[in-house]
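Shared between the two complexes below is chain A, which pairs with chain B and chain C, respectively.
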Partner chain A sequence: MTEHASRLLDVAGLTIGVRTGGEQRILVDGVDLHLDLGETIGIVGESGSGKSLSVRSLLQLLPAGFTATGAAQLSGVNVLTASERDMRRVRGRQASMILQDPFTMLNPLMRVGRHLEEVLREKPEYRAMSKPERRAEVQRRLEEVGITDPGVARRYPFQLSGGMRQRVGIAATLATDPALIIADEPTTALDAVTQQEILELLISIQRQRRMSMIMITHDLRVAFAACDRVYVMYAGAMMEAGPSDELSRSPRHPYTLGLLASEPPLDRRLARLPVIQGELPSVRDQQVGCRFAERCEWATPDCTQERVRLAPIGDDRSSACLRVDEIGRELAARFETVEHGAVEAAHQDLSAPVIVALEGVSKTYGHGNGAVAALEDVSLTIRQGQAVALVGESGSGKTTLGRCLVGLESVSRGTAEVFGIDITRGAKLPRSDVRTWRSKVQYVFQDPYSSLNPRMTIGQTLAEAGRQAALVGDAPVLSVEEVLERVGLRAQYAARRPSALSGGERQRVAIGRALALNPELLICDEPVSALDVSVQAQVLNLLNDIRRETGIALLFITHDLAVVRQVADTVYVLEKGRVVETGSAQVLDSPSSGYTKQLLEAVPRTSSDWLGKRSQMGKA
Partner chain B sequence: MTLRSTLRYVLGRLGGAAILLVVYSFGIYSLLALAPGDPVRLLLGNLPATPETMDAIRVRYNLDDPFFVQYWNWLTDALHLDLGQSVLTGQDVSSAILERAGVTVQLGLLTFLITMALGIPLGMVAGLRRGRFADRVVSQLAMFSVSAPSFAVGILLIIVFAGQLNWLPSIGAGEGGADRLRHLILPAVALSTATIALVVRYTRTAVIEVAGQDYIIAARARGVKPSRLLFNYVLRNSLVPVITAAGVVLSFVMVGAVVVEATFALPGLGSLLVSAVQQKDLPIVQGVTLVIAAAVFLINLVTDLAYLAVDPRIAVDGASR
Partner chain C sequence: MSIETTAGAETPALRTFRAARRRRRRLPSVAVLLSIAYLACIVVAGVFGPLLVPHANVQSLTDSLQGMSSQHWLGTDDLGRDIFERVVLGARTALYGPLLIALGAFVIGCVLGLTAGYIGGIPGGIIMRWVDLMYALPGVLVAIVAIGVLGGGYWVAVAVIMILSAPYDTRLVRAVTIEQKGRPYVEAARTLGLSRSRVMFRHLLPNVLPLAVSQAFLSFAFALINLSALSFLGLGSTPGSPDWGTMLAESQASLLDNPLLAIGPALAIIFAAVSVNILGDYVFDRLSTKEGRND
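Up next, the complex of A and B:
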């Protein structure tokens, strides 16, 4: 960091509230942060932390009904109170924003080039250009974000891949040459390899243009690798702030420690992932005291009664923990044990009977020239009680394979036996076989928000699954209470509806619904990718516990190799519908396929060399 | 999308519409058999019911043939634009329709223009000012106008603007040109009260949906001018549902014209149909119904083509299907 850097942004006591039903709720409470010219800061937090709202308020882009108070000076303008007219000079020129989802960030009816032109036209030097010069200018700006194909400017957003769209989004955001760029989860919706490329691109552009950047992310590793300093938010309040490398080595707030610890390591399998107890509290009125107190094991009565605010603790660091001095040693010691937690070897019984046997399975969509192969010549074996991971990026065919195994998709070619039933026969199977198949194999979907019927209570959902189990009738049916207990929920949950549950609780219910049928194979399709890190760790532990207790086999479909490390005995790596590598979990230590190596390389790592290589090459 | 795939798409849609129209025509022709009483007496019209005349009718309409043969004959004639003759006046049905179609088409277009010119801006205002005063006023008005039957509105308009104020003529179609327009204003306004409400609602919903999208927030964040935001972002992206509404409006106008033309004594297809029904002039009823059905099919086809023009994504999906 430069020594006499001047301040670009200074936020003090930023508070954001929303009025719903005559009641004022505080979503962001007294946030302080600052940013120097040319600096990159990260704001990290789980969902509900208020990180997105905080930065949107800086451009007065809060949804209707939200109000922001406090002070926020951006290049000398108080952006919280400035008029809409003044804000028009701030937006774009002073600060501009990249959003999370590249699929919704661009106007679907406008060609790529127009997205740049419409803001470039605000510049006198662009207006003075001739038509070919203007075209060249748009082209130059697309090249800056790595788009060299001149045809892209004429295309519509829907004709581009997610990574390409995000590049276009970045180019459009940069077209106004802002001093500050706000990136709100810019890579969350992208595959790991694309995420790495986009982050490298952002950082190299930020360095070349000497811009400042605020990066919002839920992924601490991404923030540490990409940012000079990191702020950690929880439930609308700032918990801790400090330089990336120090924060990643020695957290000074129990929440930061918890977040760091819940992140599954890539290089070893832990007997148990450390978790933060409990769930995010629901938003209430303005409250005194630490919002994390009720989940904090170091909390004392003082923590809930005294006013807490981010306070400097030396070395450019600050923490909102009241007891930071007292528990500093304990935090450090705990962090040490997390870093060297009890390691467990992957164990599997390779003599167990085979329950799923796929041989040369292919799946194609469409006919003739337009046919697309989703799976090609895939062979896969799952044994009783085994945990198998199916790894790949989007479009690799991993979900298609999982759906074939439960009959949501049909197999086009090859042989496929599940519990001895030839599933390639599909609709021609006798009813009894279909019932056995359906009860022995169950599926947990990625999105816990859409996989539960919102009109049914949890009890009704689970009881319905139980009735299905009773139809087959060869195994004892689990009662609703038993199912809830198995997935770690209290019996009272039976009366609630999905809307009253958090994402983690819903996913527990979805797992419970699958278990209610007493299956022998549970297919989990990205079951934790929609969840926050701390909740993800809880669900992964739950799945491992269930496996240990019931001896159920797992097929775990995921893009996340660190998650694979924590649950799988055997790994299959899929690329464009083909298995490119398979073996025990040790595949992650010594991959032989170039694709697996690429995937491993792309997993975010705390150290800055994860992103450093390519952007440094660019500089040389 | 290539020209070729567009063409293939249009031809496919036309083929589909043709098949549906044939099915529909079968229903229309069956009216003759389903109508209460003897079809021969129905077709006699004003002629005296002597055995000779009745035999002549039977022969002329092939009534002794099996039903499907009768239908086939009627259909092939209809394809040659021969829809038979009015049983009352003996006039060719197709020429009667041609004579009356002009007024109805003009009324429909005027109604459509009024509806779109008022409905889209009002819907946008309501959507952009959601929950505020302007939205509440517009939404209440829309609610009120959708529940007002067009003949009642028509009578009210006649009393106020033709009777009390004497600004505009109340009946007839006028002499063409400006006079025709003066005569069509009140009927068109009466007909558009309900359709404006429909367009307001579709537009309002679409605008609310679009205004909350990420690309609007992103565009605001990078400083896109408010006017561009309004037209190139909000309005253009709201257009697809609005086009759906436009198709419904046009179809509704074709049907609603029946009542409104009767109210304002306009010599259009609607009043032709009404009088034919009253006088049990079945060939006219069949002919007019078939023409209206064909028009509705055509409107739907044009609506679908308008989607292609507005949304490049539909162009690709639609054509590859």
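Up next, the complex of A and C:
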């Protein structure tokens, strides 16, 4: 705020709208932000908050039909009004972008080295180089992002892992030596361990080159750990801004508080996760005043009278809450109770009958030399009413195991009994057994956007499941209304189609569909990973409630250890298809396997030592 | 439809937005409207043709080969029959046959395509080898041979073309089925324990329909052209009957005396084929956007 000479970017009143059907809709409303040279800021928000649009507008990279107004000065150039010719000079040289999925950013038909050469060719000093010098330059650029294997330059993007691809993406972004790097969800598509490595890499490069960085993320913890200052956006408007450590310790806006609170803690199990009531308003509702008002418990009629903007509240902090002075103490007190919320001990009845018994189960795809083992010698027990978590990174085989249990995949070797039915027999099972199996084990899929038939109404979907339950028929069949009520949706939802529902609502319907069959085991495959944080807490609470009410057993498949802590009694850690550690949820407190320790290390933490420690280790 | 409707919460802005969207929905493009109008004429002419133009087949050798006039809009042919009236009459064979072919190929294609795509295995293999075989055969030539062997006639030609176009529908439906069957909503249906046929016809079919329906419109256009071609070769409709293809063929002798004799039915065929294509595209857009998508 003080040294304006070092100001790199200054945005004031940035407003982005789109014209559809003759109607102007505002997607980003009056955003103010600034960035100094060598500084890293984070823009945090849930889906639909307008965080990506805002930064894209700075490079004039908005989709067709979108218009940006306001003022944005990037090293003296007004980037909102500059001509396309001037923008070409700004993009790359002044500011470069790192995208979420490096696979879509890299041309699949170009080798890694070619990608870098393409960008480097823009530089006169590179064009002046001889061929061996150029090759050395490409190599040097790859080494900067931690790729020391010289063979990588000759590989194609598909031959690299996700983390490697993101490293190449970063190298390509850095090749133009920009003053500002914009990283749009750079680690969202990556596993936790890789995420940590990439963030550390970004920070160390940013420090070495004294660049500025804007990091866009939905994960508050990532932003706090990686950025000097953080901006919090909600539904197209800025809610709060301030230095990371202060914002994380004392939020001064009800939304920030809600976000921080609904983040499940890793170190303890809460009796109930705090939630932000309600859902993100639709962009079609262009309400006046504070956009968070309808979900805010401190809202007064004044809040929706006039537009609110970020206003300084001292200590380099600003908040868009009108009542920040009145409720500041209340917010602090609430935050305190969240930090020390009621803790619940994991409890389980180890004398309950076993419902799933796997012994030495393996699953291989393909034949002969090309065979890939997804599961190797896995043994697992689930008892009635127990909540078991399967933990691992992508490729660990956790989803395959879940799919085997429900019959979407077949087991290659080993013995597997589910409710006394030998599921290894697969298609050879008698019809009655298949029916029992299907009714007792149900599955909730990761992606609520594709797990509901888009052409059936919610009512049709649930009624179909109900009819299926009647076919098996020992328990009373739930009506569509009862199912909707159980998952916390109003009866009117029956007439809607999935396209009219938000992600959280769809996941509730998917859970309801599974419950309609009165199963005794519910397999949840990353049920909250596609959802926003505030909705994630709602769904986790719902699952815990259902478990308490019905005594259903849960198999929770997830990569998120904080989520595991909230729901699981027993944990199985999978690495490359093998169980490397198992035990009660206390495994998370005192892991014995190195892999589990690594996973725990990688869980994003607000404190800056989460990233610092490892980069120091890297230097040593 | 996707907006939370609580009483009284409807702002004026919301209302205008909705109205704008309804208006946009209601108004298809001019080309689509023209296509619909033209096809409607064909349907009316096809169904009520003999009532509309009862004297179309009356010969009057004194009036042969006349040009355009207020009495004969497109002039007369060598037997003095009104060309326009005969084109109107010809709508019947241009409508019924292609419609039957498109519908038949659509049904065959959906059943076989869903089976091959969802169940696969040996039945799928058999179906797809049959499709390959049909693809390998030169369509119109086979039709000519088959009709020659079976003795010809309009309905034989219809049946042969139906069997020849079904593989295209089958292949398309199979491809879409394979693309859809890995989606979680299909897997969810399987884990509910639904029967194969229920998954196929209740869950997959509605999601395959947009493409299959637009393919049916394409088959209609192809069928119209193929039937006309066969009639032109004297293998479809019986000579002398008011079929657009037959009329084209029979116009050859007097083409130089009255070009309208060829232009009339030719334009009728071209407009019909183009209209069906345009309408097919439009229907596809409507089906695939209308609440059908997941996002």
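The rule is simple: the second predicted complex is superposed on the first by the 606 of 620 C-alpha atoms of A that agree within 3 Å, B and C clash if a C-alpha of one lies under 4 Å from a C-alpha of the other, contacts with A are read in each partner's own complex, and residues count from 1 in each chain.
Rule of thumb we're sticking to: a residue touches a chain if its C-beta (ideal position, glycine included) is under 8 Å from a C-beta of that chain, and two chains touch if they have at least 3 such contacts.
Just so it is clear, the structure is predicted and the values come from calculations on it, not from any experiment.
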For A:A500, is the partner it touches chain B (first), chain C (second), both, or none of the two (neither)?
-> second
For A:L109, is the partner it touches chain B (first), chain C (second), both, or none of the two (neither)?
-> first
Chain B versus chain C as contact partner of A:L517, first or second or both or neither | second
Is A:R91 in contact with chain B, with chain C, with both, or with neither (first, second, both, neither)?
-> first
In the superposed arrangement, does A:T176 touch chain B (first), chain C (second), both or neither?
-> first
Using the touch definition from the top, say if A:V434 reaches chain B (first), chain C (second), both or neither.
-> second
Looking at the overlay, does A:N78 come into contact with chain B only (first), chain C only (second), both, or neither?
-> neither
On chain A, the residue positions that both chain B and chain C contact, one per complex | none
Chain A residues touching chain C in their complex are 21-23, 282, 284-286, 406-408, 434-435, 438-439, 441-443, 445-447, 449-456, 464-465, 468, 471-472, 496-500, 510, 513, 517
Residue numbers on chain C that touch chain A, as the complex places them | 1-4, 11, 13-14, 16-17, 20-21, 24, 183-185, 187-194, 202-203, 206-207, 291-295
Note which residues of chain B are touching chain A in the complex, please.
-> 130-131, 212-215, 217-226, 228, 232-233, 236-237, 310-313, 316, 320
Of chain A, residues touching chain B in the complex = 56, 59, 61, 63-64, 88, 91-93, 95-101, 104-110, 118-119, 122, 156, 158, 169, 172-173, 175-176, 178, 182, 370
